[in-house]
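A, B, C, D, E and F label the chains in the order they appear, each numbered from 1.
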């Protein structure tokens, strides 16, 4: 039967011991949406440099957050990421920024949490930089899109979360 | 016209100077949903200690993340929170955990980002502890619910994000 | 003759170079006691959830501290722990919480400091959560109980420190 | 009746809200012992520079740890210390280093945890620098010696913990 | 006679106690130069977006480093910055980026170290992003340009360091 | 043609993917100068213990900063250093402290940034400890002196930066 691996038989929280896991190439992709008012979206997408700056700040925040994942998520293992990418797509129909964060590792444990943390902090940074004009922005559909490597192999979300 | 306060006239990212702001009592509430499969929800809610442990770990992660907000969000100011609360409601109809994070401060700048960061990291921690049984969980509707204090005064989301 | 490996020939503090050490499976166990008034001990052990919460918070604090060891202890190497376990035993005769912290690693350097740091911060967290009723609690007998792996092999404390 | 202030009525861990507390001058002193073999103690106390280096490294580690207290102890508030002092006394009769850590603050919350954290990490650093010659060193009697300021006023341990 | 305030009468490193200092408005400005090959300088200054990205990443790194100053410089006090600005000037004659970092605070201690740390880490980030084409870049003339507030009042470097 | 590896084809900042790089033995040496008034230099070099304390504090700060490099420099990879050495030479002719920082690693990426960060933070710490007597001190000629390992092999600065 399925069980929560972060709880032992007595229900106590624990870090999974990865000592016996093989070192494999692992990758994970997480996505999220930052939804805003049409006016906010216009401000964000207009003019090259300003937009570039908001998204560059958010990208850097996401990359740095991925590196801090084990410090933020209590039962995550420290690990040495091979790469972190954070990309943005301005979705004019949805008045939303679509965030894709991708992490890779040669290691014993998956990088799902690193990718999710990167997407989450990138989204919060966009919120922070635009909140003076739109306090009601909402971060939606933050989830894992795909993972590769490790014992469980390839997994892909059957349909996007939105 | 509205403008992004984290960009200066030339579109360059900057930290807002709060030197001239008054010290007032400030508070912010953020909410989020962690949506999961019915089976995962059942595992999470069953039995006292195990559930307690998952939610206690998530609460601690959220509280610690609020204290790290200025380290995660590049243009946030360091500040000395008076309190951080992270609460959970198990919503059986939605098969979801509803997270409410509340931060307060006597200071020069709002605590919206601290509350949002606490809710976000608490949600990610629940994801982490349950992901072995349900990789497809999605974090939805992360947003500000209310804020008090500061020049802009009281603000409340007119309708919940979901 | 014995020498302090963290000082060079001129007595200057230095980080030991582990470049030529072999990667082996390493493990270390540290223990500590948190001694308190009988009334405090009763408060702590009574009722399931409350006790669970104090010890879960202390466990998480200990686990996270082990991951931060190289940031706290100046000459420690950063490393990638395979696991951290922190366990508690309520010793009614001694009115004390007995803490056992166990760390493991596949790496070039021992994990004694990580285990000691986990036990120490778990003990301090118990102190923090109970100090309002018992400021005089004392942390006793924090020491290494056992280590395995590395050039020096297996070591076990001949008798418990208390 | 006495109660654990870090648990609410339902036994859930929480951060105490210090919003209504007055800003007062606060101070706390913590002490600890690092007990070792006579040979280790001789190595440590001999020759000026080497000893100076071990104790200076331990002092710096203790000071930096006091500044990180809110990051290590989950329910501690971030605060702005006025000072941190870490002093050492070489006790030849006990073959031990006696550590005294003193923190002060103008603020809303006590600095006991900061002083205890400083003493604890200073002790661990001495252990780290001497462990190659004496793995069995033990940290004893880590406790609060004195506190001043705040609503509870002056408190002093009636007798030293050892 | 002049003395090093971070050493006490016996020559031991210590954190200055700022408990009795007045809270005043303080400001500090630090400057530095990143000197490079003409070809590197051309790559950096050409085309809007790429340049913007290098300098935005460096700016964010500098701002975040100022917030971490007390964690990096052992005897610095934690403090709550009102603002951090990091600006860049492309000096085509010198084939150098001129960095100016400015920090302000309402507090008990100066912000010179925060400004110097911001300038230093911004410079290192530029080095990092350009090092693949020019390993020989040199960071020059990192120093304090001006400070205001506090007991010592206004100070300005009589001539620029270069 | 040479290109900035931290920018992709569209000029967006990115972390280099090191997944396909070989694990080799790598080493880097960085140097810097802290230039001061003759009176400051005399204070610093006089008497054993005081000088020892300033330089030991600076050494520890440099070592700890090397371990935090990936947290400070946004596009650096987290890595597990084999060693960090920070050495000082008191140059009486130049009234300057010459800093040499050396880092080594068995890994996929170079350690230039770690060595530069160590030298930089050691220099800033010397500035901090002496600034009360000499605010005008300047950090000069911070640069890479040598690197070994990796695809680009051995590189040595043809002439010192000063």
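As a convention for this text, contacts are C-beta pairs under 8 Å (C-beta built on N, C-alpha and C of every residue); 3 or more make two chains touch, one makes a residue touch a chain.
Just so it is clear, the model here is predicted, and its values are computed rather than measured.
Student: By label order, what chains touch chain C and chain F together?
Tutor: Expected: A, D.
Student: Report back the single chain whose CA centre is most distant from the CA centre of chain C.
Tutor: E
Student: Do chain C and chain D face each other with the same patch, meaning over half of the contact numbers show up on both, or with different patches?
Tutor: same
Student: How many Å are there between the centre of chain A and the centre of chain E, using C-alpha atoms for each centre?
Tutor: Their C-alpha centroids are separated by 31 Å.
Student: So how far apart, in whole Å, are chain A and chain B when each is placed at the average of its C-alpha atoms?
Tutor: Roughly 16 Å separates the two chain centres.
Student: Two or more other chains touching the same residue: where does that happen in chain E?
Tutor: 12-13, 49, 52-53, 56-57, 60-61, 64, 68, 71, 74-75, 78-80
Student: Which chains are in touch, pair by pair?
Tutor: Applying the touch rule to all chain pairs gives A-B, A-C, A-E, A-F, B-C, B-D, B-E, C-D, C-F, D-E, D-F, E-F.
Student: Enumerate the contact residues on chain A facing chain B in the complex.
Tutor: So the residues of chain A touching chain B come out as 2-7, 10-13, 32, 39, 43-44, 47, 49-50, 52-54, 56-57, 60-61, 64-65, 68, 71-76, 112-113, 116-117, 120-121, 123-125, 127-133, 135-144, 147, 155, 157, 161.
Student: Contact residues on chain F for chain A in the complex?
Tutor: Touching chain A: residues 12-19, 70-71, 74-75, 77-80, 107-108 of chain F.
Student: Which bits of chain D are touching chain E when the two form their complex?
Tutor: Residues of chain D touching chain E: 25, 56, 59-60, 63-64, 67-68, 78-85, 104, 106.
Student: Enumerate the contact residues on chain C facing chain B in the complex.
Tutor: For chain C paired with chain B, touching residues are 48-49, 52-53, 56-57, 60-61, 64.
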